[in-house]
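Each chain carries a letter (A, B, C, D, E and F) given by its place in the written order, and its residues are counted from 1.
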């Protein structure tokens, strides 16, 4: 079995040296779900009118959140992101968030994709909390990653 | 039923004016769960030795994340946080994260507590992802808030 | 005639001590204009459809920019902003940006309002630059400020 | 005619994928003008003595502002800036700001140059506002860009 | 004897709750010394001509550094700084840095003053390192603090 | 003798253009010492128990500080750090901090290593200041640098 790669033999945290890793195109897709009420989803839908900024605010927050990842996650490397896309899907009583992040760099961008999902989901929470203080951000997870020595990883069936 | 407080009548996003709200002591408690494997929890436990920084790294990230909330969540007010505490509880195959945030200010600190939980949980994910890429951050939610005009709110039984 | 308040008698820059100033409600309104083409304004208008994020992106950037003011303007005090609103008005071949910022603090928020306008205007520039690389951000200026010892200041007729 | 490159077919904002673009040397030059009074320009000139920090403060703010561009402009890519230079020219009743930004990366640095100009100009405004609250930041615009597939673009005569 | 106030009984780091502390005027003075060569001090002195930005750059960096303290020092509270001043004194082969920071808040500003000194000193190092790579930042320490329950503390004679 | 590379012929600060420099593997090692009391070192040692977060907090702060260098040091280039490691060594009445920073980029990482040491040292100061307000951060300096045109530099014997 493995070890925690981010702590050394004595247990000290470190930013792992990736100098020797190859610069390759890498992609990561992460997702999450904001569980709320049908009423709130109705408000967000109606907000889908001209100047209805609620979903746009969440998308923008997710994209900017991806860029802040190395400021937030202590042992993450600063990376040159080459693209970020956030998809929001309104369900009956939930909003599904999917983030796709791309780079050409020495390490993967799972953490950037996960951070984008979390910040987007929390921004939705912020906007709906006066109506639904009980909303929950659930199932924040990596769906797929490509590139680098370890190749493609895809989440299996649950 | 309510409306989305963060968009105006025409749907434009705004940072709501809270000038007229009272400065009071406010507390928010949020929680979340990182679902992983028993093996990973074992590694984190063994990390509970001198210089075992994994859990400390996650706690520190959560505390610093609370302070970055207004940089991340577009419509959040910058607040003078007066205290942040993160509790981590190791279960059989999960880590439960709880954040308690305090302020003396004009608005509540739910978003700060949620952000602390999310950043702490993602930092755990970062440290364990080489061993368990399938880990999931679940159930990020407010447990309780006190203070301000709306008084105390506590999550009901599920 | 006056002096530059931000440098001392020997010319050294400083963050002026405002400890003795009163905490009062303060408001500042600033504006600016992005001059572009009728075609671009047409694109932005058509973007005023469901999920048309261009104007929302600029509004969000302006609001977040107001919060980053003390990180950007070296001698500005960090302030507890209590409200930020951005208004965008589409003209024939221009977009007018107006920012209104409120605080309860010891100094005024003109710089926060100006920064909101500038960041919002530059974000519009970013989104339209592939179509109109010659766009210009013009007339970034304070329109009005209220509160504090100096009371109300309003821009005179040009 | 073109489209807004930063929103997709459905109008959703995104950070455009530039993975396939070439890494080349790129330069952008932007400029702007702070219009004020002859008196203020006199103060800034006199400040041109030993330890006269006003112009230096504005230059430093502009350089640091260029580095903060991806934090401010939501859909900008984080870039490895390889050089930033700010030139300030005192006129009769105005200060002209010019920023030159260089990179070796996959996208241009117009936004970095524009942000440097805006932050530099606003910092000048901050330092002179006690003497001239009516100062205006005008004509913030790209003058020239080189590099990348689109080659050189130069602003035409007005 | 005391305990480490920033870790709880079980050793977990926390941002200490200061809600119950009084809002009072507080001042902290910190200092440090950049030890270099007489040649470098000569260069810095000659830089004391019009547009000689080296010392100004260091002062500005120190002032901005004070504002970034809660982003850098994990357990520091975000504070409303009401004034920052940096003094630079050129000696024979060294530069002495002194920072004075003021607030009206619930905790002291020693860390802000120390951070201002360190960032100012490192900025000097950055500017002189091509000439003197062996420069040393020494003796970064609090000289005096006033305000709050513990009153005034002054460094004793060495 | 040399000149200050970061100011031009007229004394204006600039971020030096490094476009023409080669991308190579570079390493810098910096160190510093927090001088305190034997009692405090005892507290830190005892903190070396499970969940004893004091030293981990300082390590994490140092690693994150390295990443914030271009935000703090005005004329530093933003760099793609490929690894950061912080070593803490407890002496009789002092803590020695060593930072090792790696990159594959166009300029060296001395400033990143020095910033890591300073932020780590100040974080230790923050945690011990209630017990030892007189602690001093001393001897912050580069020990060694490798890579780039200038090759290896090692501090000589004192």
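As a convention for this text, contacts are C-beta pairs under 8 Å (C-beta built on N, C-alpha and C of every residue); 3 or more make two chains touch, one makes a residue touch a chain.
Listed by chain with UniProt protein names: A, B, C, D, E, F = Cyclic pyranopterin monophosphate synthase.
What you are looking at is a predicted structure, and each value in this text was computed from that prediction instead of being measured.
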Separation of chain D from chain F in touching-chain steps, minimised, is 1
A student comparing A-C to C-E should find more C-beta pairs in contact for C-E
A-D, D-E or E-F - pair sharing over half of the D-F contact pairs: A-D
Whole-Å gap between the CA centroids of chain A and chain E: 36
When the C-alpha atoms of chain B and chain C are each averaged to a single point, how far apart are the two points in Å? 31
Flagged in chain E as touching 2+ other chains are 12-13, 49-53, 56-57, 59-61, 64, 68, 71, 74-75, 78-80
Run through the chains and report each pair that touches. A-B, A-C, A-D, A-F, B-C, B-E, B-F, C-D, C-E, D-E, D-F, E-F
Chain E touches which residues of chain F in the complex? 1-7, 10-13, 32, 39, 43-44, 47, 49-54, 56-57, 60-61, 64-65, 68, 71-76, 110-111, 114-115, 118-119, 121-123, 125-131, 133-142, 145, 153, 155-156
Can you list the residues on chain E that touch chain D in the complex? 48-53, 55-57, 59-61, 64
Okay, in this complex, where on chain A does chain F touch? 8, 12-19, 70-71, 74-75, 77-80, 105-106
Complex contact set, residues of chain F against chain A: 25, 56, 59-60, 63-64, 66-68, 78-87, 102-104
